[in-house]
Amino acid sequence: MKAHLTRRYQFPASHRLHRDEMSDAENRDVYGKCNNPHGHGHNYAVEVTVSGQVDAKTGMVCNLADLDQFARVNVIDTFDHANLNCLPAFAEKVPSTENLCIEIYDIFKRGFTRAKVEKIRIEETSKNSFEYSG
Amino acid sequence: MKAHLTRRYQFPASHRLHRDEMSDAENRDVYGKCNNPHGHGHNYAVEVTVSGQVDAKTGMVCNLADLDQFARVNVIDTFDHANLNCLPAFAEKVPSTENLCIEIYDIFKRGFTRAKVEKIRIEETSKNSFEYSG
Amino acid sequence: MKAHLTRRYQFPASHRLHRDEMSDAENRDVYGKCNNPHGHGHNYAVEVTVSGQVDAKTGMVCNLADLDQFARVNVIDTFDHANLNCLPAFAEKVPSTENLCIEIYDIFKRGFTRAKVEKIRIEETSKNSFEYSG
Amino acid sequence: MKAHLTRRYQFPASHRLHRDEMSDAENRDVYGKCNNPHGHGHNYAVEVTVSGQVDAKTGMVCNLADLDQFARVNVIDTFDHANLNCLPAFAEKVPSTENLCIEIYDIFKRGFTRAKVEKIRIEETSKNSFEYSG
Amino acid sequence: MKAHLTRRYQFPASHRLHRDEMSDAENRDVYGKCNNPHGHGHNYAVEVTVSGQVDAKTGMVCNLADLDQFARVNVIDTFDHANLNCLPAFAEKVPSTENLCIEIYDIFKRGFTRAKVEKIRIEETSKNSFEYSG
Amino acid sequence: MKAHLTRRYQFPASHRLHRDEMSDAENRDVYGKCNNPHGHGHNYAVEVTVSGQVDAKTGMVCNLADLDQFARVNVIDTFDHANLNCLPAFAEKVPSTENLCIEIYDIFKRGFTRAKVEKIRIEETSKNSFEYSG
C-alpha cells in the first residue's frame, strides 16, 4: 500500500547564468540571453514527491501540514523573492535550475523524515522543467 | 513497441477526513481544516495510465472508447457528485485521496483487461496530487 | 492612468443544490446530480477585480497585502473547507455559485475601500465560471 | 462584424520594487518582499487584445504575422530576459506590473496600426494579473 | 441581480485557410503556414457567455443542462471531429477562427432563449483567442 | 548528479485514423469519430525528456539552444501545420498519436547526441496523452 504524494510550491526569484572563470564571449555563447547583465527571473514551481505506506489509521502518506511547515522554513523562506546568485548555496555554483533542483532535493533529503523523499521537479517556465532524484 | 496511454477524468465530490475511533482533538490535530464538520469538497481529476504493445493494425494501445466506457460505468457513475464518506468503499476507511487512489486503482485492475493498468494519479487540488501503482 | 488588478484565491468547499420548498422530483429535475443527497464539492477559484488610479509614487492600484488581508479575514476564513449549505449566508438561499458570487461581491463591496471593487468571478470547475459586478 | 483577437506572449524578466525617495523602512512597508535587495523575477505573460472588422476576403481581424513581428521588435526584444529596473522606461518610474502594462500599451498604441489596440493584460504570477486599456 | 455564466466546450477539428479567388502566392502571403496544402487542425475551446437575472427560487442564471443540450445538438454535433472547410457554413467563407466565432455566436443567438447570449470566445491555441459579441 | 530536463513544443496538425485494408464499417467501429472523412486536428504538445550529468562548469544537462535547434530542424519543420496522413512517415502506418510518439522518439534517438533521450510524451488533447521510451 505504498503511495506517492506530490506537493507544489511556487515562488518568484531571479538569477543570472554566468561563470567568472569563463570569458564574456564564452558566457554569452553558453548561456545566450540567460547571461544578460543584471539578470532576469522566473516564477519557479517546485514539486516535491514523497512516498510511503498509507497509514491504516489516518489514510495518509504523511501529514501535509508537516510537509508544508518543513518546506516553508527550509525552502520558501530562503528562495522566495530572492536573487539566487546572491545566496550562499550559489556562491560557488551557477544558479541553473538543474543546480536549484539538486540544492532543494538535498535540503528535503537531509531534513524531512516523515516520508521518503523521492524527487524534486522544478518548472522554470511553461516550456522547461527539470527533475532530480539523487 | 510498448507505449503508455493516460486518460483524464474529472468529477466533483465531497469528503470529510475524520475517524470515529480518534477523539475530536486528535482528529483536529491530524486532519486540520479537512476535519471541519459537514465536510468540504474538490474537483477530483483522475488520470489512469495503461500500457501495451501498439497494435500493428490499429496503431493503438487500446481503444479509448473501451476505456471510457469502463471508467464511466465503474468509476464515474459511483464517485461523481458523491459524498465519499457515504459510499460503501469508505465505510471502514477514511476517504483520503490516498485511499481514493487505491480504491480506483483496484477497480481498474480487477476489471479492465484491454491493456495493462499501470497507475492511478489523482489531483485533489492544483497543489496536491497522489499516485498509486499497486 | 486607471488600471485593473485581479487577484485569485482558491479554496475547497462543498454544497448541495436543494430547495425545501420544492418537491424531491422538482429538485431532481432542476438540479440533476447537483441535488444528490449528502452534497458534493469543488475547488472554488475566486477572482476579485479592483480598479483605480495607478499611484504615481508607489506604481500600484492598491497594496496586494491589504487586499490579501481583507480577503483572508472576510472571505477565506468563512468559506474555506466549509459546507456552504451550513453557513448563515445560505440559510435562506440556495448555495449556487451564482449566489456565492453575489455574496462574495457584497462582502468586498461593503468592506474593501482601498480600490474600487469591479467584479467577482468564480470558477466552479474547469468548464464553468460565473461573474457578478453589481 | 467586429471581432476581438487576443495574442499571448511570454518572457522572463526581473524587477525590484523600490523608490529612492522613500526611506528603507517605507519601501519595506509598501512593497514587502518585492523590495528584497537584488530583486526577484517572473515569467511575465503579456496578452494584447486588438479589435476590428473581420475582413470579408481574408476572414481575419488582422494578420497575426504582422502582430507578432511588431511585438517581437518593439516589446519582446526589449523586455525579454531583462532587469526591468535597468531599462530607460523605468528610469523614473517603479517597474511595477501596473506600470509595465501602461508602458507596453503605449508601445502598441503608438506603433501598431493594423487593428485597434484595446487592452494589455499581464499575468505576473498565476495569482496576479493587471489590465490597462488607456 | 444579473450575473454572467460562461460554459466551456472543447472539440478537435481541422481547417485550411485558403481562398480560391486569390493566387497561390497571395494565399501563401496572407495565411503563411495556415495555407499549407491538406490543412492542419486544432483543439478548439469554445466558451459561451450568457447573462440573466439570478432566479430567486433556483439560484441560477439558466439551467446548465439546457445549455449543454442546446450546445450538443446545435454546435458540437456539427463541428466536433470535422474538417471545417467541408461544412456548409464555410462553403462561401474562409474557416478562420474569427468566422467560426461569428458562426457559433449566430447559432446560439438564433436558438438559445433561456438566457441572453452575450459572447462567444474561442481559443484556437494556447497563444490565440478570438471573441465576438454581435 | 544525473538530472532530467523536459522541453515542451507545440504545433497544430491534422490527421484521420483510417486503414485502407479495413472495411468502412470496421474503420468506423475501431476509430469512431476519429475516422470522420476529411480528418480533424489537434494542437499537439510534444515533451522530450533527456538526461545526463549536470556539467560541473555550466550547471546544465545540455544546452537548450542545441535541443531547440535540433527539434526545430528535425521535428517542428516536418510536423507543424501538416496533415499527418500525407507525410512519408505515415505512408504505411496510421497516424495515431501512439505512432507519432514512436516516430518522434526515433528521430531524437537517432540524431540528438548531446544528452540521453529518455522519453517522448505527447498531449493530443487536455484529456489524452501518450508516452514512448523505446
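Note that the chains are named A, B, C, D, E and F in the order they appear, and that numbering of residues resets to 1 at the start of each chain.
We take it that a contact is a pair of C-beta atoms (placed from the backbone, for glycine too) under 8 Å apart; a residue touches a chain by one contact, two chains touch by 3 or more.
As the structure is a computational prediction, the values presented were derived from the model and not from experiment.
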Tell me which has more C-beta contacts between its two chains, B-C or A-F. B-C
Taking the mean of the C-alpha atoms as each chain's centre, how many Å separate subunit B from subunit D? 41
Whole-Å distance, subunit C centre to subunit D centre, using C-alpha means? 28
Determine the centre-to-centre distance between subunit B and subunit E, using the mean Cα coordinates as centres, and give it in whole Å. 33
Could you tell me which residues belong to subunit B and also touch two or more other chains? 126
Would you please name all pairs of chains that touch? A-B, A-D, A-F, B-C, B-F, C-D, C-E, D-E, E-F
In the complex, go through subunit E and note every residue touching subunit D. 17, 19, 21-22, 30-32, 93-96, 98-99, 101-102, 126-132
State the interface residues of subunit A toward subunit B in the complex, per the touch definition above. 1, 3-9, 54, 57-61, 63-65
State the interface residues of subunit C toward subunit B in the complex, per the touch definition above. 10, 12-15, 33-34, 36-43, 80-83, 85-86, 125-126
